[in-house]
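Across the two complexes that follow, subunit A remains constant while its partner is subunit B and subsequently subunit C.
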Partner chain A sequence: MRIFWLIVIFMTVLLPQTTQAATEIEISAPGEQTIPLALVPFLPIDGPESPKAIGGFLDALNADLELSGLFRFVNPDAFLDDAAQLGLFSTQVNFGQWRLLGAETLVKGAYTLEGDSLVVEARLFDVVNRRLLTGRRYVGRTKDVRRMAHAFADQILKALTGELGPFSARLAYISNQTGDKELWLMDVDGHNSVRLTNHRSIVLNPDFSPQGKELLFTSYRANNPNLYRKEIYTGQEAKVSFKKGLNVGGRFSPDGDEIALTLSKDGNPEIYLIDRNGAIRKRLTNSWGIDTDPSWSADGRQVAFVSNRLGNPHIFTVDTYTQEAKRLTTQGKYNATPAWNPKDDIIAFTRQENGRFDIYTIRSDGTDERRLTFGPGNSEHPRWSPDGRFLVYSSDKDGNRAIYVMRADGTGSRRLTTLESDCRHPAWSGRW
Partner chain B sequence: MNRLKGLAFLLFLIALAVWLNGCSTTPSTPPVDEQAQVGSTDIGQQPDIAGIGDQEIREEGVPSHEDVAGLQRIHFDFDQFTLSDDARDTLTQNANYLKANSSIQVVIEGHCDERGSDEYNLALGESRALAAKQYLISLGISPQRLSVISYGEEKPLDPRTTEEAWALNRRAEFKAIQ
Partner chain C sequence: MSATRLSFNHSNHDHPKLGRFLVASLIAHTVLVILLAGGLFDSARRVKPPVYYVDLVHKPVLNPQAGRPEARAKPAPKAPAAKKAVAPQPKAKPKPTADKLPTAKTKPTPAPKPEAVKSAEQRRLAAIEELRQKQARQSDIDDIKQRLAKLQSAGASVPQDVPIGMPDGSGTEAGVSVVSHVQAFIQSNWALSPYLLDQSRMGTIQAKVFLVYSDSGELIRYRILEPSGDSQFDDSIKRAIIKSKQLDHKLPKTMELTVLFNLKEMAAVRR
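After this line comes the complex of A and B, so read on.
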């Protein structure tokens, strides 16, 4: 019934303003009830079953939906004979059976395997109202099976909340796997990692452009921390900011037109806005102390940053039009790495307490501060998913520093990279 | 034939390694950490030769690359870039050395321990390097001879997570270039 009412509310009240629908429904908010979902193993359309080819689909889909926190999974051991029926039209599904098991939503699918090419048809049904919510057909190679599942997970979230999921995006991060800190790229579940740079120097702190598949990062390749821009598919690299001193922490504005970064060309680190080619447009801060680590608000009007102008490092915000700065955090003695939620006025940041860093969130008006991680070890570098529902971060809680993902309320944490190398500074791409 | 090619490639690699090795000891490149740290004890191990040689060079005022051992690193407290009394003494020695070796240019590297945010530490490392630079200028060293670079927490001397390692890693280093 819950899902019925959700859809009714969505259709009648929120449809005219679809982009806001997801935040208004807030079915991912902590404490909200979850939707019972039956996730049925996919069947071959004809020919023998091929668990090796299709197994990754269910694994990846299950992991994405579990991370979403929206669902409660119906135990597969309880499935009745409809689970073995191929019929994918709503008229062919025995919804009564699924209601009997308590399912309110149902995922069924089928696949065709020919050599290395795989076709997957996936459907999400509303069991209560006996109808199709979303259906997708994916065509690709067997190695792409997990990406097909991520794409379908995104569609499931869209069908139920109005907002696409972030699972078919990419994560950029810094790893020292080759012995040097280089820029790497992987899927949101940690699969398909690939190295993007070969600077054999120190590469730091990547950021995705909102449009296009482009990354900003800092590298010491030319014996100074300079800012570079890289196109992922062509591999082309452009020099963006090569000023004397620091050219670090580059962050694309939400419209992709400007870059906020820290420059210390005049001997003191300050936040500047530059264009895509490095020409300075505006200086945002002017204090005797360290100003660093910019992060844009969703509307592009404000920038959060770290400053020690009052003694200890604290989070501040500055209006990009008036250049008026306001202090945001008042607790703790060391607050750093702010990350502004792309959908909401919430800022994630790290705070050091008792010698260890943990991740917190606070509203941009300074209220509702919450602690999301509780050790062990240090958790740092929080960055939001493009839908604002998840945080990716780095932690050394399992030993070596690795990349983790969790929900916006700090629950559901899971590790994405192995512990064999040092991985840090993750960034979540926009829609891929 | 393949074996011959393999041998030729191996010889090429060896030649390359020898050549690169040769490059790294030419005066034009900055000396590596170890030289700066243990240079003075090296001289002690060869008292006669090194002692005499050092004296002659100083009389002639000709800087020798080995004398880079005269530039000592300084250390800082956590989240601080103010110069301690020890650091000031060391910088005074460094300034005297630079006055005696007037053709040497110096890159001052600022470093931090691993605690704290990476970005903030890049800024802090730069503040440390700049504090050292300003003090050297106040002692009469020309600003044209001094440049700074911050490595933040990226190049620890001691990678362990102990108080001793952190104290060692919070530092400014002085790398001479001709």
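After this line comes the complex of A and C, so read on.
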């Protein structure tokens, strides 16, 4: 009995004291909102250094990682002797040196160049935990070096965020550099642009299929705005919708089975759903106003569009099953080109204020409206990257209309096309 | 000889103040030599003394003081002001007396000496004068108090209820509290990009970690009590803890801490 009471006294007197000893504190924001990254110049495994061959890799990787907004780069001038060591295994890296420089992550690599054949070994290390996060070996030709870098940038984002980056994808856009508005394709950093159409007419509004490698676009080639589908690698083209009047703004559904577009076959432009061969499946809108610019929600359940049914052009959403339409924007006198984020319930759109177009975002429930672009010029045609982290758009803020990319919060804007000609209507492909 | 005298006389006659000037110059130079020899101007030739930087802000202490000097001054009013006003006031507030005192000066105090020989009438007059001065001082003090009260009520001075210095400062040591120091240190080592996370979880995501630091500032052990469920967030916290395994100061004693990591501040800013 005495022992029992001793235990009770112990429990009631001593234990609470030991538990109270831990002081509680709250840290409600990180001290640094970027990850310190050391990006080390790659070294040759055998033979002499070839900065010309590998330089593009580091440039492209640096640009991709900077655009991601995740990193703060450690100044290369401060690198110590480990930067000159070839070691690609975690046991060979002097993590202490990198810790000393404040790096939390480290990119090291090596390459072999034989003629035009290039092999690149790239590694991402966690400096603090002294471990390899991801490593890849790329084999290709020297002209592929930037694409190797984009692929590795995607892997870095996957290692750190759990989701692949969008840098290996492609951007489609409309350019008049040949004199006519044609469809073009380029890498996400603006390199390797190639013309896809030769309609010698007006080509508009491209959209990638979710599986990639296939594009929808509208062309006036037959003197009517018809919808076309083009396979990128085979070059094969097919008319999908060529009804009387408008066949514009075609957008693949998330599963790729259906296409939402604007048809004016009955006089008034309305939103329809058609299959991949052009057969009408459903009419989504039915109002006296002009309904145009459809964009699918990530789950394929809703479509955002522009309508002037209540007066000024505003963004609406329509349920594809019930066909019930809901008004989304209430501000501004001209709202257009909605683009639904593929990963989130956010819709980007353009609004004209004071005679100038800027890009905004709004939640699909009509809340949390934010303006993303500021300054001179018109910023239009926003489209999301497949991971929903970035927006590509066209703007004439630097003179002629060019393609730009920025983060989803409007930061980090960067010009991609440097042509004298106008470039507009960009679209970001899915995983390539 | 006579020529010399003549010339001397002549010069004396032409410059009557020259002699006085020479004497004055001689005295001045002598004084200067004495001063220089005495090392008065040594400081000008000396090398600047080293300046020692004392980190009072980040030094972790057990009993941090409340902070600014005003905070220390506050306890003084604790003493019932009305009762003890007369005695301590001349010390604490010399200014109010400055106006009136010079008129009476301290003459009443040296008075006691002749007081012995003075008549009773004179002593009575001196006492009356002293009493009058006290009353004058008191009225001045009351006047100043009234003005201070007005200023405080108008918000021109630090209001009484505003916390001054460290929120948890109640002791006498210069420095920050140990807990605040460790908190700031861990926070500075926590790097996390908002782009790593699901934006919709920014306001709700959190993780709780238990840490034990020895008095030498070394992390003895840690345990994640409640992970957030987001691997990026949890990894960033682990990195911050590993980077904080050795504090930059010793601690007054071994410490056990439960740290709640969240992004409330960041979410509020991004809203």
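Methods note: the second predicted complex is superposed on the first by the 398 of 432 C-alpha atoms of A that agree within 3 Å, B and C clash if a C-alpha of one lies under 4 Å from a C-alpha of the other, contacts with A are read in each partner's own complex, and residues count from 1 in each chain.
Everything that follows uses one rule, which is that contacts are C-beta pairs under 8 Å (C-beta built on N, C-alpha and C of every residue); 3 or more make two chains touch, one makes a residue touch a chain.
What you see is a predicted model, and the numbers here were worked out from it, not measured in a lab.
Undergrad: Have a look at where A:L372 lands relative to subunit B and subunit C in the superposition and call it first, second, both or neither.
TA: Once the two structures are laid over each other on A, A:L372 reaches no partner at all.
Undergrad: Is A:T161 touching anything from subunit B or subunit C once the two structures are fitted on A? First, second, both or neither.
TA: It touches subunit C, and subunit B stays clear.
Undergrad: Check whether A:E380 is in contact with subunit B, with subunit C, with both or with neither, and answer first, second, both or neither.
TA: A:E380: touches subunit B, not subunit C.
Undergrad: Taking the superposition on A as described, I'd like to know which of subunit B and subunit C A:R407 touches: first, second, both or neither.
TA: Once the two structures are laid over each other on A, A:R407 reaches subunit C alone.
Undergrad: Kindly classify A:N223 by the partners it touches after superposition: subunit B alone (first), subunit C alone (second), both, or neither?
TA: Touch status of A:N223: first partner only.
Undergrad: Which partner does A:S68 contact after superposing on A: first (subunit B), second (subunit C), both, neither?
TA: second
Undergrad: Looking at the overlay, what does A:A339 touch: subunit B (first), subunit C (second), both, or neither?
TA: The answer is neither, since A:A339 touches no partner chain.
Undergrad: A:P269 in the overlay: touching subunit B, subunit C, both, or neither? Say first, second, both or neither.
TA: Once the two structures are laid over each other on A, A:P269 reaches subunit B alone.
Undergrad: For A:L171, using the defined touch cut-off, is the partner it touches subunit B, subunit C, both, or neither? Pick first, second, both or neither.
TA: neither
Undergrad: Taking the touch rule as given, give the residues of subunit B at its contact with subunit A in the complex, in rising order.
TA: 79, 115-120, 122-124, 126-127, 130, 148-151, 154-155
Undergrad: Spell out the part of subunit A that touches subunit C in their complex, as residue ranges.
TA: That would be residues 21-36, 68-71, 99, 104, 126, 128-129, 160-162, 344, 389, 407, 409 of subunit A.
Undergrad: For the complex, which residues does subunit C have touching subunit A?
TA: Residues in contact with subunit A: 179, 182-183, 186-196, 199-200, 210, 231-232, 236, 238-240, 242-243, 255-266, 270.
Undergrad: With touch defined as at the start, can you tell me which subunit A residues reach subunit B in the complex?
TA: So the residues of subunit A touching subunit B come out as 181, 202, 204-205, 220, 223-225, 245-246, 248-249, 262, 264, 267, 269, 290-293, 306, 308, 312-313, 334, 336-337, 350, 352, 355, 380-381, 424-425.
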